[in-house]
Structures are given as structure tokens and as C-alpha cells.
Amino acid sequence: MTSVTDAVPSRANQRRLLPTTTPLALLSPDGQPVHSTSLDMPGDDVLVGLHRQMVLGRRFDTQATALTKQGRLAVYPSARGQEAAEIGAVAALRPQDWLFPTYRDSMAIVARGVDPVEALILLRGDWHCGYDPYAHRVAPQCTPLATNAPHAVGLAHAARLKGEDTVALVMLGDGATSEGDTHTALNFAAVWNSPVVFFVQNNGYAISVPVAKQTAAPSLAHKGIGYGIPGLLVDGNDPAAVYAAVRGAVESAADGGGPTLIEALTYRIEAHTNADDAARYRPQAEVREWLDRDPVTRIRQYLLDQGLMDAAALSALDAEAEAQAEDLRRRMNIDTVPDPADLFRFVYAEPTPALRREQRQLAAELEELADEAGEMR
Amino acid sequence: MTSVTDAVPSRANQRRLLPTTTPLALLSPDGQPVHSTSLDMPGDDVLVGLHRQMVLGRRFDTQATALTKQGRLAVYPSARGQEAAEIGAVAALRPQDWLFPTYRDSMAIVARGVDPVEALILLRGDWHCGYDPYAHRVAPQCTPLATNAPHAVGLAHAARLKGEDTVALVMLGDGATSEGDTHTALNFAAVWNSPVVFFVQNNGYAISVPVAKQTAAPSLAHKGIGYGIPGLLVDGNDPAAVYAAVRGAVESAADGGGPTLIEALTYRIEAHTNADDAARYRPQAEVREWLDRDPVTRIRQYLLDQGLMDAAALSALDAEAEAQAEDLRRRMNIDTVPDPADLFRFVYAEPTPALRREQRQLAAELEELADEAGEMR
Amino acid sequence: MTALAERDTRTPTGAPTVTMAAALNRALADALRDDETVLVFGEDVAALGGVFRVTDGLAAAFGEARVFDTPLAESGIVGTAIGMAMNGLRPVVEMQFDAFAYPAFEQITSHLAKLHNRTRGCISLPIVIRIPYGGGIGGVEHHCDSSEAYYTHTAGLRVVTPATPGDAYALLRQAIDCPDPVIFLEPKRRYWSKETTVLDHTASVIDQAIVRRPGTDVTLIAYGGTLRTALDAADEAQENGHSVEVIDLRSLSPFDDDTVTASVRRTGRAIVIHEASRFCGYGAEVAARLSEQCFHYLEAPILRVTALDIPYPPPHLEQHHLPSVDRILDAINRLQWCETATTKAAG
Amino acid sequence: MTALAERDTRTPTGAPTVTMAAALNRALADALRDDETVLVFGEDVAALGGVFRVTDGLAAAFGEARVFDTPLAESGIVGTAIGMAMNGLRPVVEMQFDAFAYPAFEQITSHLAKLHNRTRGCISLPIVIRIPYGGGIGGVEHHCDSSEAYYTHTAGLRVVTPATPGDAYALLRQAIDCPDPVIFLEPKRRYWSKETTVLDHTASVIDQAIVRRPGTDVTLIAYGGTLRTALDAADEAQENGHSVEVIDLRSLSPFDDDTVTASVRRTGRAIVIHEASRFCGYGAEVAARLSEQCFHYLEAPILRVTALDIPYPPPHLEQHHLPSVDRILDAINRLQWCETATTKAAG
């Protein structure tokens, strides 16, 4: 194992650590290429792939919202409008890397390869996590804000100790940056020089609270220097820029360059969840403004202009998205009954005697109910 | 009451928020005046007063350490070597301001006017806090690291809501800056634009852990910009610079300028407490280096050079310090027996029936013991 | 429903029908109106009116200086509330959900509970921490914890929980007026339960349990979300010939020994009911102290009907976790009735 | 004393005399030696060897990659430990003092205790959180809390506490090997108590209570810091003609019902002893479950000898707070001996 103290970097260079005052971008809102000194335009295949995942992701997201209306999901926090950030960040990860998502990031999880139904088991209410985190290296979606950040740092630090080439990317919201665990995780990662990417999706709100009431900093990316971590401010609706920034951070971390803090400026188009009423705290005009800066049309425009896609390919893609949504709808409409025995199986590696007693009691109760039901027939 | 949202400042100016790369100073280590563009040399009377308090403070501190050897104090965390920071910060406060000290800051508390014996009741083990916090506007010495920071912000915010001209200064150590509550307090203060001064004494260590393992930031003052708070890096062994920096921060806060973060670079000459063994983690040579940068001799040299003090005044001051130490020794050597009834009086505003029962039981036990003792005679 | 609307329906004589959420909203509005030093703050309490709308309309009615949203950090909310109370204000803060109060645990345990004692009473902290708690609403993980035992074990805190709209109003008003810090636990699944009552807080309820239903054979001890379940069970048990007394504790700390002990000594049987897990749950204290204080009066051991000793389950399994009328009836049946019969016959 | 020195005195046959601190140090050294995935980290555990010297010499012996100091944030220590365990390591972390674990409360309660359950067993968290706890050492506020009840009420955590050097070694080794997260509570005031014993961890102790002293009239149930007090009280009580059995729980969660229930059914009388405050303390669970499981065997109510229901007192008053031999003897005398005599006579 390599030593931890070796990792402590010499006092960092101020310039390198501060973000640009305007967000980094590679594509203008109307899809025109923007010259950037610090980011390289991803290859065509990457851009085509990003667009594809964004289209599929948005369709998945709208389908999930629809499923709440049919009562198939208890609740769903939509990432509509954040497709560039969700997809751009995940696409930049390598297979051996880890993703630490929040409740908001179902789209990212599915893009990472998790089965959409498994991704929704949490929100359907069948179990707390519906997928095996090790299968695609995706941690359970985290609900207590910012608490997944130290997990990412610990996992990444362990990878370094074990000599594995693994980077951990943790997703955080603008509101989550106010929690103590964000502070703690940034600090531990910096001192340990851990291969971690802190990816903050600043979507303007923490439920009803606007960023202006969350921080008085020039930007959330300006928090980096206070830990000796480079902070990048990126146009979060520009998938090319998000991909390039995250990719650069992943490569730097993998090369022993330590953690990076990336703030992606984007916007939450839907309410906080389907249960929320956004009209109480934000004007519709603001939403319209952001609809005009739509991330999907932005990259689509670029691909069309560059001749990297044509109308046929587009409709094929839309059809594919439709088919996936159809399949998701169908599978989510199958009634499921989680096994009550699961309540006791996983509290400890081995159920305690007391838990086995409780399990027997519950089984007996359920039998009794079944018998009563039987008698009624 | 004034509104809170009015207080949210516009996105801050980057330049204004970053500290200087070298610590601000007004006096060189050998006591020569240093020109500064940002700090003004305090008036002669102020400097004489600072020196006086530092001499008295150091004598108090060495006396307290001596009292631990005589078993009169359970433990004592010395501030020796930090006199410029402890005294410079407190001297800059106005009567209506509040001080939120830590266990390390007994010297500051006494300089603020708290009776030395009352200040030591905590460490003598008679009660958790020996003074009335409202008498001199000094919060109880705080042990759980950084937890006093949000208290200072809340008190200051309340003062603003009530239209009072009160600034709260909270003392923190370098290690405490790693705790979540430092983050939370800085952020709340910035968003609320609260009149708070965050005064971090970077004395090189958190018990045995050097600052290099605590943070990878260029300086702790660099944390300010991440909250939109100006960060100042000050030579913490220069009482003139500390006073001027804190005074400026207090005035700015009082004028509605919001919070300031000040890092005072200093050094803990003694072990963490008398119970600690510093030889386990730091070389004596390092201590010697800092002894050569002694804050008291530094300002003394300046006062002598400027003819603001003469040998007679010096020995008079030393005599005064001796007399105070003598008085402290005498009063601390009086045996005290805290009243067991106090255990129950203050848990709630009114003791609950259950607590009254427990109190009666204890009283009965103690009577019984007294009788037994009597019988033995 | 807005705070103002609520206030309009208020008449000296007529008794309005209110939900618990509306009663709490009214209590906050009335406290803000009656006491200039009262503040209400937390996450999403201003513009949104709270995720359960308990603070609905308050910011509009009383201004952003007294009702405001904070940055997203519970330890900052409680920590700054402590500082404000040190400076003469009476903060009423909201933790959005039970499990999201945990970041404030250190501030609550090491300061809120202890500063008055630490300073020999110099510093008073008249702070109310409102915490929507418990399950039964199909909430996902972290939104359904019953965390009362963490607070009741901490000396220096008062812990109260209403079970009815009327008590919600009275308890919250009295909690705000109380010089001690109060952990105010609001049973989520009762937020929308209605009661027709005049909202009034003159009669002391903050440290007194109340007999909700008189009975002679067995005492059910419940609070917050489980009172309704206990009352329903009592009605069914009546049909099986058991006369059941139901006590609503209201104050979990301090504990009202007089009311509860008197009842159990009369009935000789008792069952404690709560939504929290059983092991080291609040019911353990109730059972332990009653077993001691009523030892010679007990015809049967004191039973506990609680949630299982597992993390809170996902929505589709929570019905197996929570105390139910059936489980209470089963417990009543296990109270060794025949044995007493024989005992009584023998005696 | 250094870890290496300790290890040198170790011989296959001879039984060394060790303090609890030395036994814990040895357990960590042996675990680090036997299992490459074990890490030890926290505040001041490396160069300093911990404020109680429990990690003394480990950094020198095993290197800074496996034994290291962290930045000063308990929630970061536990949070990163969780991430490391997700990646196949076995972190053993130290909270410097009981009350300083509170900043990690959310990580412990919402993640450490629940991730295995949350992921249907996919993620295992074999993490040990060492917490020096309890008082009796003249420590100032925040350094003397007995916080076990906060953890024992949280499903998914194991909570163990040794009372002797031999158990300290065995329990810590087994806690480190255990696939479940373990809150390992070290009774501060026993750190320097000595025992002559061969340090061995093959016999299972992690979920079994042990009868430390056999007796027939009354069962004293103690753990950690209060076992010594209970044994001393038992000796004195013997002189007053009471044969006292003393049980050391060792595992607070899960609770060893078999051992304890068997004893209490035999003796018919029981007293639970702990340093934590009484109200909703761990003793409440013990008394509640024993009152239920041993109802027909009890000659007297189960009593609790605990600390007072107050914040931990300053050093010069702590002797009034803690359970003492006298208080245990008083409790034994209150166990209604005469009454039984008459009962027995009558029967």
C-alpha cells in the first residue's frame, strides 16, 4: 500500500485553483461551436453518443414522471433540463470508475447501465435500492444530502491504497453544498489527494430555496481553493463542455492529480418532485427562459450542422426512445409484492435470534390473515 | 426587524475576498515597524495596552500551568506563544460585542474582564462554566470543536434583527476548521451578512496533527472566498497586525459589511495540554524557532525603540503581573466544595418531579454518610 | 389553506374543524402575533410554507425577517437558533424530516440540552425544534424514522408529541412559551386528521398525560401516531368484553408518572404502543418504570407493541412494520386473563 | 509501553499481565498483522498513539498507509470508512471521546447501520468504531458520556463493550472479524486495570453474556465500567448473607436473552447497573424484557442502579452521579426480602 502522507500536496498554486468567471463552454446555446482555451471538443462519436443518451434519458425521465401519475411510483424527482449534466458526467467515467448518485440522478444511473426498472425500485417503494451497486459500480442513490460525498472519498482512497486505477465521481446539488459532509469530503479528498470528482449540479434551487439564499460565494466552484482543490465552472447545459471537464478531471485524478470540484450551471425544469408545487416559489417566465437554453436541442443542432446526424437517424433514435419507454411502462405495470421475509434477512449478516423470532411471528400473522381470507371465499 | 433577504449580498468581488500570499504584518519579528498598505498601525496607547495585556496574559498562563502541577487544575491548555493573537483579537472588540472562545482561550477571556478564578472554575472541575456569560459578553468556553461558530452567527444575526450594534467574534483553531460546523457557520453568516468575525488561530497543530495533514489549501484564509467572505492572513505573533485586522473586521461588520475570516499564523509553544507529550510528534528545534519569534518581545522592542516604555515601566508591569499571579495562586489554593444540589437545579428551568426525587435521595445518602463519619469520631 | 384563512375562521364561540397541520399553523401564527421575539425558520418554510404546509402563509403574514428559509444545514439551523436564543429570541425551527435532524445531533445533545445547566441557568434556550416524525405515509427511507428515544435519553430536553389537532395547538403554543428547549415531534400521518375543537392553550398539557378513554381491565399507553390505533383497538376489545383505558402521554420527557401509574394500578395490566423499534425504544422506559412502580398490582407482564427491530421498511412493506389494531388485540389476549381468573377464584 | 514491546512479552504458554489499553493495542496490532485489509485511523492515532495510547506504536510498526491521522472531522472519519469498506477494506476508526462521536451520528445512523439492509446484503460494512466512553476519570464535560443507548436503539449496529483486558482483546479481534458494523465502547476508567491472562480470541464472546460470579439470591447485570463496581458490591452483599450472581453483558446489541433470563429465573431478583442516565437508558430495555420474560419468577421488581438524569457533572461532583457499591447494596436491600419470606412462609 502507498503511504498517505506522501499524498499531501505542497501548498497549491492559487491561479490553478480558481474557476473562470464565466462558465466554460464548447457549444453556444444555439449549438454553435465555441472556442475554449481549457477544454477540447470531444470526438464526433462521443458527441453522437452523448446526444443519444440525452434523448433516451429525457424519455426515461418523462416516462417516470408519467408513472407517478398512474400511481406506479411513490414519487419521482425529475432531472428534466439537466440532461447535459447527468449524461455528460456519466459518459466521462471509465468502466472501472464509481458513480455516487443522489435521488435526482436516476437518468445518470440508467445511462451508466443500470436496468431502468431496477433503478426505479426505490421510488416504486419495493426496496431501498433495486440494483447491485457492484454490477455497474453505482452506489445506492443517496437521500441524506451530501452524505455520499465522504463515501466516494473513502472508496477512492481505498482504491489508491490497493493500487487500483479507480476514480469516484460524486453528484451533489447546490443545496447539498451547504451541508457539513460536503466540506468534510472536499477536505479529506484534498489532504489525501484522492481520485475523486465532486460534480455539483447547480440547478438553481434546493426544493424552493434559490441559490442566492444558499450561498453568497461568487460561484460554488470558488469553494475549491479553500481546500486546495481546482474548481471549474461549466455551462451545465452544454454536454460537450461537461463531458470534457469531467473527463479531464477523471484523467487528472487517475494520474495522481487529486480531486477536482466541478460546478455545472443548469436548471430544474420540473418541480422538485411530482409532489412539489413550484408555482409557489418561482415565476413561469424563469422556466421558459431555461427552456430556450435546452441542452438536447443544443447538441442536436450542432450534430445536424456538422452533418453528424440526419433526420432519419433522429427519428430512428426517437423510435428507440419510444420503444424503451414502452418497455419500461410495461414492466412497471406488472404488480409486484416484495417478500416480507426480506425485512429480516439483511439487517445483519446473520439474523439475530430476536429477528428470527420477529420473522416467525410475522409469518404466523400472515398465515392467519391468509386463512381468514380463505374462509371468506 | 430588518429583513433577512435584503441582506443577501450580490455575487462578491473575487479580488476583495482573497488573502495576501504573505501574512499581513505591522511589526517585524525583531520589533521594527513594517509598512502595510492594508493595515494602519494602532495608536501608541493601544500598543502600550496590548503589551500590558500580553504580559499579564502570559503570566496568567504560566501560573495556570503551574496550578496543574499542584493538582489545583484538572487540566490546562496553554496559549503560551499565542499572546498576540489572543490579546490582539480581544482588545479590538467593543464593550457591546460578544466573544465566543474555546478551551484554549482562557487568556482572552481574562483580558476581556472575566475574573481569572471564575475563568478557571471549568478546568478546576467545580462547574462547566464559572462566569456569567452576560456579564462581559463572553460565551462559555466551547469544547466540541467549531460548535460555537454557529452560536456566534445566531447571536449576531439576532442582534441585527433587533437593531443592536453588536459584533460576535468566534475563536477557532486550525483543526476546528475541518469540522462541518465551521463550514455551516461561515455559510450562514455570509448568506445572512451577519456581523461576525471568524478568528482562526493557526497554531500549527491540532493536538499532534500538523496543519499539513489538516488542509491542502494555500491558507485557511483562502476558505473565505468559497462563502463570499473576505479572508485575511495575518502574522499571528504581531499584536499590532492582529489588532488592526480584527478592528477593521469589527468595524466593517458593524457598518453592515458582513463577516470576515481572519487566519492568524502563530504557534503553540506548550504541549496541547499539560497532559500531552509533544515530544512524540514535533521536534524541539521547531519550538525553538518559534521562541525566537516571541510576540511579547516583539512589541516590547518596538515600545522601547519608540520610547513608549522605559525600564521602570517594564519592571512595574512585571511586578503587577507577579502580584496578579500571586493573587490567583492564593485564591486557587482555597479548597472549594461545589454544592451537590446544583446538579439538579439547572437541568430545566424548574426541576422536574423526578429530579426532585433524585435530589432528595442524594441528600439522604449524604446525611447518612455524614452520620457514619460522625459516629467514627 | 393559508395561515390567514385559518385565522379568519376563528371565532370566540364557534369551534372550527381543523386538521393537525392547520392547528400547528395557527399555533405558529398566534405565537408570532403574540410574541415579537418568536422566529420561525428552517428549510423551505417561507415561500413554500414547508413540505407539509405547516408554515404556510407565515412569511407573507409576518415578513421574511421573522419567517425565513436558511441554507441547507440542520446543524446550522439548530446552532444559530442557540445563538439567537442567547440573544433573547425564541426560535421555532423545523427539521424537514426525522432522519434529517441527525446532522444537528451534536448541537442538540451537547449544547441545546446542556447550556442552561452548563451556565448555572444564566443562559436559557427557549427553542422549539419541530420534527415531523414516524411513518405510515408511504414515505421512502429516511422520511419515516421514529427518533424519540434519542432525545428522551438526553437530559435537559423536553420531548412532546401531539396526537390530536387540539393538542397540537396547545402543546406547540406551550412549547414556544416554555423556557426549556423542546423537541416537538409531529406525527406525519396525523397531519390531515381532523377535529372540531376550539383552539386554546390555557389548560396545561405540556407535561401531563391524559386519559383519552376510560376503562377498567387494561391500560393502553400510546402517543402521537399510535393513539388512533390504540383507540380503535380499544373499541374492538370492548366487543370482546375487555374494558380498555387509553392514555395519551403527550409529554415523553418528563414522564407523567402520576397519571399513568394511577391507571395501571387500577387496571393491573398495561401495553405500551409506539411506532419506533422495540429494542431500547421509548416503551422500554415506560415498561421498566411501571413494572417497578406497579409491581404488586400487575396481573400480567407489561407488553410492548412496537415496530420491528429493523430499519424502516420501504413503502410496500411498512404495513408489516407498524403497530396495528390486530397486534394490539393479540397483545391484550396475551395478558393472562384466565390465569388471573383462576388466581381470583383461588383467592 | 509500545505495541511492539507488548508483542515481545507474548509467549505461547506464559500469561502476561496486561492493562485493558495494552490488550486493545495488542488486538489492533495482531489484526493489522493477520489481515492486510485492516486499517486504523482517526484523530491523533498515528504519531501520538491516541490520547489513551491505545494505538501506540502501530503507525511505526505498520506504516502510515494503514495507520494514519485524519483531518479533524468525525463524520468524515466514519463517512470515508464506509467508502473504504465498500471497497473491500476493514477500517477500525477511533472517536477520541464519546461526545465527539455525535458529529458522526448521521453517518452512523443513516448509513453505517443501514447500507447492508438497503442493498439487500450487496454491501457489507465490516467497520469497527472504537469509542472511549463513560466517566470516573475526572474528565471535563463532553469527555464522560455513556452514549450506548443511542447506538443500541439503532437496528443494524452491533454494540459491544469489554469489562476486562482479556475480553477487550477477544471482543476487539472478533469485532474486527465481524461482517457487521460494530460500535466498540471502551470504558475509559478501566483502561489501566490489569489482568493476568493469555490473550486469545478463539472462544466466541461477541454476542454472549458471561456469568462473572455465580450466586443464588439476586442477579446483578452490569457491563463495561460498572462490572468492577458490581463485583465489589456482590462481595459486600455476601457478608450480609446475600448470594449474588453477577453477569457481564459484553454484547449490548444483540442482547443475550438466554444467559440473562436463565439467571434471573433462578434468582428471582435482578438489578441492572450502568453509568448512563436512567431515563430511556439501556437498563430500561433490560428491565423491560426481563420483567416480561421472567414475570412469574420475580420476587421483587427489577431495579436499576444508574447515573442521575442530569448532564454529566463536573469532576468534583461526579462521585454523586455514578453508580456506587453503596447504591447497589441499597438496591439489593430494597428487593423485598422479608415480603418473600412471608410469601414463602404462606406458601
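The chains carry the letters A, B, C and D, assigned in the order they are written, with residues numbered from 1 in each.
In the analysis below, a residue touches a chain if its C-beta (ideal position, glycine included) is under 8 Å from a C-beta of that chain, and two chains touch if they have at least 3 such contacts.
Here the structure is a predicted model, which is why all the values come from computation and not from measurement.
S.K.: If you tally contacting C-beta pairs, which pair wins, A-C or A-D?
M.R.: By number of C-beta pairs in contact, A-D is the larger.
S.K.: Using C-alpha centroids, which chain lies at the maximum separation from subunit C?
M.R.: Relative to subunit C, the chain whose C-alpha centre sits farthest away is B.
S.K.: Indicate the whole-number Å distance between the mean C-alpha point of subunit A and the mean C-alpha point of subunit C.
M.R.: One centre to the other, that is 36 Å.
S.K.: Taking each chain's centre as the mean position of its Cα atoms, how many Å separate subunit A from subunit B?
M.R.: Each chain reduced to its C-alpha mean, subunit A and subunit B end up 43 Å apart.
S.K.: Measuring from the mean C-alpha position of subunit B to the mean C-alpha position of subunit C, what distance in angstrom results?
M.R.: Chain centres of subunit B and subunit C, defined by C-alpha means, are spaced 40 Å apart.
S.K.: List, in ascending order, every residue of subunit C touching at least 2 other chains.
M.R.: Those would be 70-71, 73, 75-76, 99, 102-103, 106, 110, 114, 117-118, 141-142, 155-156, 255, 279, 309-311.
S.K.: Give me the residues of subunit B that touch two or more other chains.
M.R.: Counting only residues that touch two or more other chains, subunit B contributes 5, 127-128, 144, 178-181, 183-184, 187, 191, 213-215, 342, 347, 354.
S.K.: Write out the stretch or stretches of subunit A touching subunit D in their complex.
M.R.: 1-5, 127-129, 132-134, 139-140, 144, 147, 149-159, 161-162, 166, 168, 180-181, 183-185, 187-188, 191, 342, 345-349, 352-354
S.K.: Over in the complex, which subunit D residues touch subunit B? Could you list them?
M.R.: Its residues touching subunit B are 43-44, 46-49, 51, 69-73, 75-76, 99-100, 102-103, 138-143, 279, 308-311, 313-317, 320-321, 326-327.
S.K.: Which residues of subunit D touch subunit C in the complex?
M.R.: Touching subunit C from subunit D are residues 99, 102-103, 105-106, 109-110, 113-114, 117-118, 141-142, 149-150, 152-153, 155-156, 253, 255, 276-277, 279-285, 287-289, 291-293, 295, 298, 300-304, 309-311.
S.K.: What residues of subunit D sit close enough to touch subunit A in their complex?
M.R.: Residues of subunit D touching subunit A: 39, 63-66, 68, 70-71, 73, 75-76, 78-89, 91, 103, 106-107, 110-111, 114-124, 155-156, 158, 178-180, 207, 254-255, 257.
S.K.: Which of the residues in subunit B end up touching subunit D in this complex?
M.R.: 74-75, 122-128, 143-145, 175-176, 178-181, 206-209, 213-215, 277, 280-281, 336-338, 340, 342-344, 347, 354-355, 358, 362, 365-366
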